[in-house]
Structures are given as structure tokens and as C-alpha cells.
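Pasting the structures in now, so scroll down.
The following pair of complexes shares a single chain, subunit A, combined with subunit B in the former and subunit C in the latter.
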Partner chain A sequence: MHDRPRAATDPERERQAIADAIAEHRALRGATLPILHAIQERLGYVPEAAVAAIAAALNLSRADVHGVRTFYHDFRSAPPGRHVLKVCRAEACQASGCERTIAHLAARHGAALHATTADGRLTVEPIYCLGNCALGPSVQLDGRLHGRATPARIDALLAEAAAEERA
Partner chain B sequence: MTVTVFVPRDSAARSVGADAVAEAIVAAAAAGKHDVRVVRNGSRGMLWLEPLVEVAAPAGRIAYGPVAPADVPGLFAAGFLRGGDHALRQGATAAIPYFARQTRLTFARVGVTDPLCLDDYAAHDGLAGLRRALALEPAAIVEQVVASGLRGRGGAGFPAGIKWRTVLQCAADQKYVAVNADEGDSGTFSDRMVMEGDPYLLLEGMAIAGLAVGATEGWIYLRSEYPDARTVLVAAIQRARAAGWLGDDLLGSGRRFDVQLRIGAGSYVCGEETAMLESLEGKRGIVRAKPPLPAIEGLWGKPTVVNNVMTLAAVPWILQHGGAAYAAHGTGRSRGTLPFQLAGNVRRGGLVEVPLGTSLRTLVEEIGGGTASGRPVRAVQVGGPLGSYLPASRLDVAADYEALAAAGGLLGHGGIVVFDDTVDMAAMARYAMEFCAIESCGKCTPCRIGSTRGVEVIDRITAGDRREANLALLRDLCTTMKDASLCAMGGLTPLPVLSALEHFPEDFARR
Partner chain C sequence: MYSNKVQDFGTPARGADATVSLQIDGTPVTVPAGTSLLRAAAEAGVRIPKLCATDSLEAFGSCRLCVVEVEARKGFPASCTTPCESGMKVTTQSKKLGDLRRSVMELYISDHPLDCLTCPANGNCELQDMAGVTGLREVRYGYAGANHLQGTKDTSNPYFTFDPTKCIVCSRCVRACDEVQGTFALTVQGRGFDSKIAAGPTDFLDSECVSCGACVQACPTATLMEKSIVEQGQPDHAVVTTCAYCGVGCSFRAEMKGAEVVRMVPHKDGKANHGHSCVKGRFAWGYATHPDRLKKPMIRSKITDPWREVTWDEAIAHAAGEIRRIQAKYGTASVGGITSSRCTNEETYLVQKLVRAAFGNNNVDTCARVCHSPTGYGLKTTLGESAGTQDFDSVEHADCIVVIGANPTDGHPVFASRMKQRLRAGASLIVIDPRRIDLVESPHVRAAFHLQLKPGANVAVLNALAHVVVTEGLADESYVRERCDLAEYEKWRAFVALPKNSPEALEAATGVPAAAIRGAARLYATAGNGAIYYGLGVTEHSQGSTTVMAIANLAMVTGNIGRPGVGVNPLRGQNNVQGSCDMGSFPHELPGYRHVSDPAVRELFGKAWGVTIQDEPGLRIPNMFDAAIDGSFKALYVQGEDIAQSDPDTKHVQKALESLECLIVQDIFLNETAKYAHVLLPGSSFLEKDGTFTNAERRISRVRRVMPPLAGLADWEVTQALANALGQPMRYAHPAEIMAEIAALTPTFHGVTYDKLDRLGSIQWPCNDTAPAGTPVMHEQQFVRGKGRFVITDYLATDERTSRRFPLILTTGRILSQYNVGAQTRRTANTVWHERDVLEIHPHDAEQRGIRDGDTVALQSRKGETTLRAVVTERMQPGVVYTTFHHPESGVNVVTTENSDWATNCPEYKVTAVQVVAHVARSDWQRSFDQVADQQEALLPKSALLGGAPGEGR
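Let's turn to the complex of A and B:
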């Protein structure tokens, strides 16, 4: 279910993803969230064009759908980098040193929270608890959970991701 | 003869390499022509030993951990398939002191069985509670839960049986059971461990709740941060339906109960029950004013049992053994056991199910072993981001609903986050306000505006800007948030802030 990051937007691809997601989930009661999730799973973000399409399909106002899309932290409005790293900064991970990991990401990898690296390789987002609070700091890289994410472990994880990309 | 080897599929174990260990064991077994069956079980909850590999040896299950893939050839060479000696050998799993001293009612099966195996579930007391419930009138099921003294494990601690009774007494064409699996509190993971490690337990608890109140539909609201739990639950619901454990003919009784799963989207406040109902209905997670109570007007406006995963997961045991047997554990008005979670900077972090009333010192020092860093414990936060900070000197308080409330804290969902003496408590207080600002649903002003103002005031205090006046302002702001917020988000954020200020004033006066 992890996001598949892409670099550029493609209106035709967006249109198709939105149509597919609506077709798949519109019969559900309260379908807005499942549709938004399905769009983001396909594209890595939820384009603006989704709002009108979902509103029309579910007989909601565009304001309603816009409200939902922007209320929840999960939904991105623009494509992320090729890899998405979510770094937990909740209390248990703070107790285990997540602030050092976050500082390391900025200093060594040029990746600040809420930002994508200039080369489009990596997006770093904060997250508030991954439920791995005894093995912190915890991160989620492309949907996969990693514990004890010290600066050294982060370097290894990002190197693995880069190697997979080259392969 | 085939030897069974257990390697957890729990996401905490996977986060430190359990998948690679399982692969290495399969590969080494094939290379050495050993007849090995690898079962991906739930976690035993001894998370500092993960990946914890167990071997079903002739004398019982023997544990080895923490195992890295590079250790696997050595384990085979040491004869671990027969329980052989090795530096990582922890002995018989059930005899490890951390585990042996627990009272595992809810977590009895977690880590023991293959989470998705229906036969395993049935062979380990699974469905006994549901079968008992099917033989009872709805009111009699409710009375067992009332007699158990079970209180809401999500944090509010409301008696579950009373809530169920309210829903039972409502006349309606449709009722619901809505499960709060939005386990957002930092330092908590018991819901996740049950959903990943014993998912049928939750489904069984939901079905019993459905029978008790006359609800035929159950909805699970699972947070998106738990993709592994989602995978397990999707599979468990499918298999349970196929086996007749859910659906139109519950265990052949002719009674109906079915379950659907919805995924949250990264909003902490959706763990508040009315915001969760809004989110389940596909809307923004805006808190509803109460009354009406969700028990009377809940999901889609219908009477709804809203319970936490842990609450419902306690129910099958209660039905199987009787409410009185559950109530025999615990203390005062805090009956039964609680799966505590030891988290943060703690040497032996993990899941510890013990009777309510166990002292924080026992949990943090004796069981948890103090800090992972080896430095002195300075503070613990109990009950998530809305819970109080307690100094090391106050750890003798009993971990139950009343005693923690009397100490100015709250039990919450049973998470205990340990900090060593390097923690800056003014920074933690600031973070509490910042988190509230990030996660506020925005409906009420004290929470929406007060949290942002709170960050600013704390910044002025720590900068040494008119400290006394700003401390008075912070206390005043906290009073407003506590008294005038619509829900616990704004209403309890003052707890970590004021407790940090009370117990660690020196951290606010460094400049």
C-alpha cells in the first residue's frame, strides 16, 4: 500500500487513476477516504482534479471533498521524491534520539522535514507514531518500517534504496 | 522429523530484520538438508530480543535472540533445532523472567500461534467466548461484561458493560460496533500487536459485542501507519468469513455479524471517538459535540458501541471464563489486566500484561530494567501525548485508573515512555503544545488557537522573556484549554505541559 513516487505530473495518468479509484470504491458508504487513498496509492499524491471528480461521483460539494483532502496529513497535493522517508518524531522516538536522526538527514542528505531533495530522490515527512516505540527511533521508508534508525542505519537504508534504483 | 521454527511477522520484529532471519533459516535448512517448517508467529512482546527465534524442541519452545542473519549458520552448528546451547540462547520462552511474571489473558495466544491459522486459533481456546455468547441472551452477555469490571482501554476508562447496556436498550433498525484501532498515542503498540499477532481475537470480540447489543455490522477504523496490521486483518476477515466465523450464519447459529475495515489518513484526533465516526463516514475528522452519545447516535446516526481494540480483545476471555474471573485480577475499580507497553529509552522494552495496580516502578525498573542508555531515569510519560510526565521520584504510584488520576496523570492506553537525564522537559512541554497545534481538528477555539499560543508562550519563557508573567499566562492558558475544549485533545494537552513545569521547573529557567 505504499506510495509509488513519480517525478512529474501527467494529466492523462491522473485522470485515469482518479477514474479507476472512483469506479473501484464509489459503492462504499462514506467512500471519500477510500477513494482518496486509492488515488494516492496509484499516483503518490492526490491531484487537484480529483476534487471535482469525487464530488460529482458521490453527490457531494467540492468544498466537502476539498475539506477531506486537506484535513488529513497523509494526502499530498504534489508528487513526492522517488523515495519517501517518514520519520517518527513522537515522544518515545524523541526519548530514543530521533532529533539526531532528523538533524543527520538534513546535514548529510540535504533532506529536511516536509521537503524533497533537489535531485528529486528523497522526500522526508514527519509522522507521529509508527507503533514501534520500544525499538526507536523508527522510520518508514517507502512503506516499510525500520527500527533503531540511528544516523548510521539511515545511511545504510538510503544506500540500499539507491542501489536498488540503479539495479 | 519436521522441526518447527518460529520467526515473528510482527512489524516490530520485522523492523529489526526478522524477514531476513527467516530467509536465512530457510536457506540454511535447505543447504543442510534439515527438515524445518518456519512459522511466522506474532511477537512474544520481548521486543529488545527481537528478532526472537523460537524452536519447538522436544522439551518445549526454546528462544534465541536477538538473532541476526549472520548468526543463523552458528545456530545450526550449535544444534539449535534440538534446543542446543548458543550465546543467544535465552532458555525456555515461557520461563524468561520478563515473560513468566506476566498475567496473559488478552495476550495469551500472541506469539504462540500462527496468527492467520484458523486451526491454531481454535486449538488454543479460540471461539470459546463466542460459543458461550451464542448460548446466552443479549442481556446476559452484557451482564458478564459488567461483572468483569472491564473499562475502556482506549484511555477514557468508561465501563464497557454499561456502554453495551445503553446500546442494547436502544431500539433501532440498525446498530453498529465500531472499533477504534487508531492507536495514535506515542509509546503504545498493544493494539497493533494483537491485530498482527492474533487478529481473530479482535473479530471474536466484535462478534460478541454485536450479539450483546443487537448489531449486525462491525467497522474497524485502522490507522494508516499500520500497513502490516492492515494486511493481516484483510486476510483474517476473508478467512473468518470463509470459515463461517463471520457473515450471515455465525458458527451455524443463524445469527449475522460481518466486519469491514476502513483506513485512517494520518490524523491523531481521529482516535477521539466522535472524530473517528466522522472519519468512518468519509468526512473530515471533526469532533462532534456530546450529547448525543455515540451509544445512542453513533455511526450513521445509529446506536453504536465504540470500543478500543484492547477492550474488545479482553471480551472473549471474559465470556469464556466469566466476568468474575476477570474481575478477580486488578485493584479497586480497576479490574482485570492491562497490557502495558514499555517504550522510549528503556532497556527491556516491550509488551507486559499484568494486573492493574502494578506500580510504575515495578514496570519501569524491575521489568523494564531502567534506561537503554544506562543513564538515570529522569521522567516517564504515561498515557500518551496527553498524559502527565512523572519524575523518577514518583514511580511508586500504582498503574491503575484511580491512582494515576490522583497523581495528576492518566493511564490512557497503557503506554509508558521512559526518558533519561538528558531530556529537556521544557522542550517536551513545547512539543506537547506543538503536537496539539498540528493535530487539532480546529472545531473549538481553546484547542485550535490555544495550542499555537502555548508554543509561543513557552518559547518566551525559555528565552527568559518576562518569565514570571509568561508562566502565569501559560497556566492561565492551560486552564482555559482544560475547561473549555470540546474533547481530550485540547482538554488534556495541559497535563504534559503543567506536569513538566511542576516537576522540572529548572528546565524552563535555563536562560
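Let's turn to the complex of A and C:
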């Protein structure tokens, strides 16, 4: 089940994050991408309300911004889980067993690719090459790179993250 | 007559003077530098397969069907993105190319529904054609793989559908929306296999789409398809004609089956529109066969009597009898006529001829009285000719564009798209308007200056701009010395240089910061080619004529008249308002703007018509109303104009109409004026007659009959019958003969004939021995009047002031989907976008009055009261409210006043002191409107209407 939106969205928080991101980057040449990144950084996703706001600020059409926002898979349209695990599926990682890792995530942790766990703990996303091919399969947990991501290592990483959360 | 298929050259023509020569399939070809191989081949008759290329758009190079081989070069370049080079030897067909193209088609077809026989594009589909020419025989991939065949059709737009299952994502639609229309409403959503054309995050109707039809035009498949084609099938023939909406005068192909229009498609060779269109011309033509169309002549003795259907002969005889009876009783001058800016030149000419020759007076006027009469006066006085100086193409050479009191994206959308193309290419923009119109800030366009003046302060702003030009040494003195009357210039120069005309001194009057005015003046004067475009926001003021002259002064002092890229350009409102003025519709002027007091002119026309023409100007429209109420004016013949809705101070107009003994209305619908009529003559739509329209750039274009007149007679035939019944013989067999008479009697039209129009497509007057092919840009060597004349333009505030009782200023305008009084567009699906007129009000003014967005409010002036729904928007400035007059029950003109331009009586629609209060009940006037509407509908026999009962079938 693609149970994407679980963390409640807060329109006021969204509005503020969008306004801040626009204010910070609007003077740049080609500010659309920096603004989209800044919003995602603040909220973890890019709400649809951002489209009209960016369009108005940058003198673009809503369709222009919509096209950019949907072109990059990295921009989420709904809040992710508390942790985001990106699993590399490029050629080298496939050769070193990333599909096994992915299957393990689904079976053991209830976290399918492109989905978030029902408790909102974890989102799993594919990524194509982290530049760590010699140490594949590679993953990125909350922005941090890890090599040799065997099922056992995945369990350890997630347990560590859960412990940190409790602390 | 016209082929249903129009050749597509693949990429746009290049205008370079330099040429290159090459060989395509062994044939020597010479083309302008920069021409693509694809186009060069097409021009030489060699058709290279293509899908993503079309000649309205820049090359994109995505479909890879148009690959060719070039001798001594590696690979297979796309011919659409490869420019011709001298000496190239190009091969367009080979075994290898055939294999490549077939493989590409195989991939396309592996993900395309194979329902050609039941597809609306069947018989007119580029994908189908390409499958044919590439010889596709099998699809080795099968059809079982991942595909896009499960998409849902978007039918939200009333005129076209978007079926993603048929889409090949060539992005022609996206590029058409960007490059041609300039709205940027479409995008490619997602990427890779997920790529999908989308109107942003919503469906088409809720998107930024303005329904211009450019995407539908560009689509090579049935993905974007007119609903009329879905319902009716492909056309079998086409006739080139001219749109009957705004003054842009777009050329269209009426695509037909028998006498039924199946779609209107913008004509690629149309010189005003170059293949582009807007929602009105492209889609909103269904009114022509609306059930409300009148199909029988009718008469009645009192306006409270039921209408009686009669034959044409009886109606004409009755009308003529009434005219003569009234003239016998009240005098020759007690009758008059009003010509229509929606009718053809030939029809307008006949109505003014009827009045001057058969009625025997000069009581003829036209709706230009209430729109651009100050243009005629102001430009004639300063430059010597009552018309705009440029062609539309001129805007491509402009470096700084000034838009004053015009809203081109709504009022003149096709020209606005051209203007936006130029703005995106680097021209700067100055907008002078009380309201933040879309041009001020819209996708990829932003005005360098928006001088958001108070309504009524145009002259003050223009004087302040001129002050900066003159006092900061920005005047083009050598141009002025060579081209203009120096004595007048010196007087004017001293006047605008006065401290009272400085931006600082006028700041309080204009409401515009002095620094912005100084910046704008410097930009316009120094940018290179400065072009001014203006609309009714200039003319419909008590100083309308003064403003036009102030614009001409500013253009002359900066040397911005007489070449491409510059000029003074009135954006004329209706399709033929330029033409109706040219044709002698004003009470003081015979055709070609020649005053009736000139004995030589009177003699010329008098001799041709076999009558004596009166030497005194006749009544203007407002004079006719006053005289009717006084009792000295008793009969009026109105062709195709709804004065009861469009003219200001509605209650005064209604009283005047009620005072007439005989009102003859000729119209396609029972309009508001017809409710006061005694004789109702059914008019014919532009699809039902031959003739010509003249657009805002003086371009005369043919209107061609594609179906017979619904009620049997074209409008010119009705006027002719009336003239004959009055004893003034008119024996024209065809409008071509009327044009021949116009050309013979009017120097600016001497060279115009229907043959030449057919040959050249269109002609811009003056067209005569010195300019046999017409005149795109006027005043090139010298001004028409000889020396350009600077006129002193003192700013005088209008008498219409705000007060405690009426603290706000109402200004009026137009919106994109509706046209003028709305008689046509209200009878189309365009009402989806604008089902009622609304009152725009600034949040500050709304809050003070406890008004929320969507509330019904009362709009009151010293003249009357009406109710409208409020739209709270920062587009307005505080203190100013705005509405439109597209719906009769809105009663906007119940509120507007009798104030008018000092020189021409053009009403001051743009400035009315008003109050706005929260309210729910309809006003007294609206209640009486409802009553009259019900009563008049009851008096109308159903059989007189095309669709039986009135009002049905919307």
C-alpha cells in the first residue's frame, strides 16, 4: 500500500516555509530549483501550494513550476517518514545485491520502495548511483552514505536510528 | 475552393537577406540563410517525414523522423534543427533512412491506440500519415508492454478535449502555448516513461489556459481536438474569411461541410494574425446558429404591441412609409441612422449613403462615437490622418512598448501575443493604467514601469512625460526640425517645460511617483524604437481627444513616427470600427474623412448619387437622444448596434428611444434596443455575407459568405431595399460593386478592388496610384498633413469628482471571453469563464464597507444604481472600482454619466464617482429591466426565431 501522507500537514508552516525559501533565493538567476530545494529542506517535501507561490514570485507560469517539480523525483509531494532511506539501484549496486536489500526492507520492516511505513517511521526511496560503487550495495540514511548495505547492516542502521530517536 | 489540407513547412520562414545554395536530392535549392533543411526541402516540394516539427514553432528535434544524410558528414542529423549551408548535398530518402524512420514509428505505434477508424482525427492525422509514408507494416514489440492507454480524457474545456492516450509527447502543444500564445499554461509533467502533457497541476479549465486554440492547432494527433470535430467529423472544404470580433481582424479558414461550419481555424497567411487566434474567433462562433437568431421581419405600431411577422416587402414598405410620414410631419431632419462597426465597409457605406441621399440629411453616426472618435479627431489634427500609423508586424521592431489605457491580453489577445513575443525577446514595457492589467506582470513578461495613475489623469501623466523629455534634453530636435511645424513646436515646448507640468508638480493629480514618470520618460525617449499602443482608456474621457493629441506630441518629439517599430497605435475595439469611420459614418464627414462643409467633396458625392448633400453636419448619437426627448427627432434606423446597452446613462437612452415614433432595428438578435423598436429587420452574421472589414492597422480584409443569410437577405441588401423603397435607387448586384463605388469616390481607397484583395490577401489603406499594394507604415517621408503639428494639451480635471456621497471612482473595461455588449459571446460556451459582470474592488475599500469576496453589492452614482457581485482584488488601487458591461442586466451604464469628450462627445465611461455598499436586493432599474425583458419576450412570436422559443438552447 502506498500510504504516503501520514505526518499531518500544517498549512501555516507550509506557507511560512515557502515564503522564507522564496525570500532567500528569489534574487538568484534561475531560482526555481534552489527554492524547491529550500522548501524540501525545511518541510521534507514540496507542497502543491508552492507551485503558485513560486510562479508568482519568479514571473513564471504555474505549469512551468509544476513541470520542474514533477521532473525531479527527489521533490516529494507529501511529508516523508521520520527517516528517509535511499537505496541505490544503479548497475553496480544491482550486481552486488541491492534487490535483496530492498526485499528485506519490505519483508522485515514493512517498508516498500516509494512508500512510508504505516507508523510514519521510515520512507524508502530508490536512487540511481551514489558514487560509492566499489562498496555496493550503497544506501543513504537521512543524508548519510553507507556502503556494504547487507540486510544485517540495514537492521543495525535502523536500530541505531530508532535508538537515537528515543534518546 | 480552398484545400482542406494546408502545407506545413516544418519550421518558420527566415527573413534573412543573405541566401545559401545547396542540393537536396540532387535538386539545386536557394533559401534565406538560417532556413532549416526541413523547410528548404518542403519549399522545393520534397516532403521529409516529421512529427514534432510544425512551421509555427521553432525546431525541437525530438521525434527523429526527419533525419537525413548530408554528404561527407557523419550520422543522420535531424533536418528540422540543421540549418542549410552552402554546398551541402542532402539525401532525404535511402534504405538506411527508411529503416530508421520505420523503427521510430514502430516505437510510437507500440504505445498508441489502434482505433483509427473511429478516431476523430481520422483522415487528418499526422501520425497516421507518417505511419503511411514510412511504410510501417509491423510492430515487433507487440502491444502488451507498459503503455499509456489507460489515461482519462480531460473534457473540462468547453471547446476541446485532451485525450492523453493518443499523445505522442511531441510537445508541440507546450511550445505553441509558450512561443505563439505566450501563456505558458502547458508543461511536460514527470519524465522518462512517465512524461505526460499537463495543464499544470489542474485540469484544462482550472489551469492558466486561455483557450486560444494554439495547442489544438499544433497537435498532430487527436490528443487535443475540437469538440465540434469529435461530434461532426472532418470538414470537406474551407473558405478564408475575417473574424467578426475585435479590431485585430484575424483571418480564418471557415472549415465547412456543406453550409455548416465545423470549425474556424486561424489562417496561416493572415497578415494580421499569422495563424494565431483567441478563444472568441477560434471557438465562439456558435451564436451564428443560436436558437435566438431572428429569421422573420416584424412590425408593430406601439412598443407594447405584440410583434407581427411580415414579408420583407411589407416590412421595408412600412419602414419607408414611416420615414416619409414622419419627415412630412416633423421635417427632413427629424430622422437619422446609425451605422454598425460590426457590419462590413460596404454595408456601412450604404447606410450613410441612405441617410445622406434618401433621408436627405447628415444625421448619421456610428458606435465609434462612443469609443474611438477622439482618435479620429486627435490624430487628424496632429498627424493629418484619422488612423493608427503602423501595421501589427511593426511591433517586432519596437525596443520600448508603451501601453496606455488598453488591456491587450483581454481586448486584443492575438496582437497581445505578438507583443509578448517581442517583450520576451527583449523590448521593455511601460504600462500606464489605473488597474494592474495582466501585462504588468504575467509569466515571462514584466513591465519596467507601471504608472498606476488615477482615472482621468492621462493628460497630466503625458504632459509630465513630455516635460521630462523636453527639459532633460531627450527631444529628437533634428527630427522635429525636419518633420514638424516649428512655430507650433516652440509654443508647445515652452508649455510642457512649465514647472506646473513637471512630474513632481503633477504628482498629486496623477497619483504616480515623479521618479517613476521620469524613469519611464527616459526609457521611452532613449530606448531606440518607441511604440505607443492605446485603447479606450485614452479616448473615453472628458479629455479623450486631448490625450490622443498628447500621445502624438510625445511620439513626434521623440522622433517615433514614420518607420517600423515606432508609432501611435490605437487598438480599435470592434472588428470594423476603423472601417465604419473610414466609410463616412460621422455626421460631419463623407467617406475618407472629408468634411461636409467642403463644396468640392459634396459635389463629388452629390453627382455620383444624383442628390444634393446638406452642407451642415448632422446630429451625433447623444444629440439624437436629446432631440428625441425634445420632440424634434422622431425616427431612427439602427443597424447592428445595441445603443440601449452600450451607451452611457441608460435611463436617458431608454427615454429617448421611447420618444421615437419609429425605431427601425436591424440585428441578428432581439437586443436591448430592439425592445423599443417598431420595425425589426433580421440581420445576417459575418458568415452569411460578402464584404470587407478594416482592422486597427487599416488592413482591409475580405469577409466571405459561407452560408446563406438566415432570414434571406444580407444586411447590405436590406439597406438597399430600404433605399429603393424611399425612391433612392441602389442597384448593386454584389458588394464588389459597392467597393468599386467607394474606391472611385475616396482617394485613400482608389486602388482597392475585390480582385486585388483576392490576389494580395489584404490591403492596408491608403491604397492608390502612389501605393498600389497599400501602406503598412504611414507618414514615412512626411506627415499626411505636411508638417506634424504639436498641440498644447492643458490638463483639466474632469467635472466628475468624488464626494462624501460618492467617494470612489468607477472605471470600466473588457475581459477576454466576452465581447462588447455580449450579444454574441453570451450565446456561446464562453460564459463558462464569465457568466456575469463583477465589480473589482481593492481589499481596503472592501474592508471599510464590510464587503467580502463574492458578496452582492449595490453600485450607486448620481445617475442610477445597480447591483453586482464583488471581487476583492489587489489588481485595483484603493479608491477605484472596476467592472465590465458584457451582460445587459448588470446595468453598468445605468450608473455611467452624460459627461463626454469636449471635442467629439465620446462618453466618459472611464470615470464615474460612485459609492459601493453591501446589498442584496436588485435595484429599481434592474427590476424594471426584468419586467421589460419578460414583457418583450412575450410579445415576440416564437416562429420568428431560429430555435422556436426565445432564450432556450443556451
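Assorted remarks:
FYI, the second predicted complex is superposed on the first by the 161 of 167 C-alpha atoms of A that agree within 3 Å, B and C clash if a C-alpha of one lies under 4 Å from a C-alpha of the other, contacts with A are read in each partner's own complex, and residues count from 1 in each chain.
Criterion: a contact is a pair of C-beta atoms (placed from the backbone, for glycine too) under 8 Å apart; a residue touches a chain by one contact, two chains touch by 3 or more.
Note that the coordinates shown come from a computational prediction; the quantities given were computed from them, not determined experimentally.
Contacts of A:L113 after superposition on the shared chain: neither subunit B nor subunit C is touched.
Judged by the touch definition given at the top, the superposed model places A:G67 against both subunit B and subunit C. In the superposition on chain A, A:A92 contacts subunit B only, with no contact to subunit C.
In the superposed model, A:A49 lies in contact with neither subunit B nor subunit C. Legend: residue contacts after superposition of the two complexes on their common chain; A:G147 is shown touching subunit B, with no touch to subunit C.
Within the superposed three-chain arrangement, the count of touched residues of subunit A is higher for B, of the candidates subunit B and subunit C.
Of the two partner chains, subunit B is the only one that A:G136 touches; subunit C does not reach it.
By the touch criterion defined above, A:A162 reaches neither subunit B nor subunit C.
Residues 64, 67, 71 of subunit A touch subunit B in one complex and subunit C in the other. Here subunit C touches subunit A in the complex through residues 183-191, 198-201, 207-208, 441-446, going by the rule given at the top.
If you check the complex, the residues on subunit A that touch subunit B are 1-2, 29-34, 36-37, 64, 67-68, 71-75, 90-96, 127-136, 138, 140, 143, 145-148.
Residue ranges on subunit B touching subunit A, taken from their complex, read 11-12, 14-16, 47-48, 50, 183-189, 191-192, 224-228, 230, 262-268, 279-285, 300, 341-346, 349-350, 372, 381, 385, 415, 417-420, 423, 428, 431, 435, 438-439.
Against subunit C, the residues of subunit A that register as touching in their complex are 48, 51, 55, 59-64, 66-67, 70-71.
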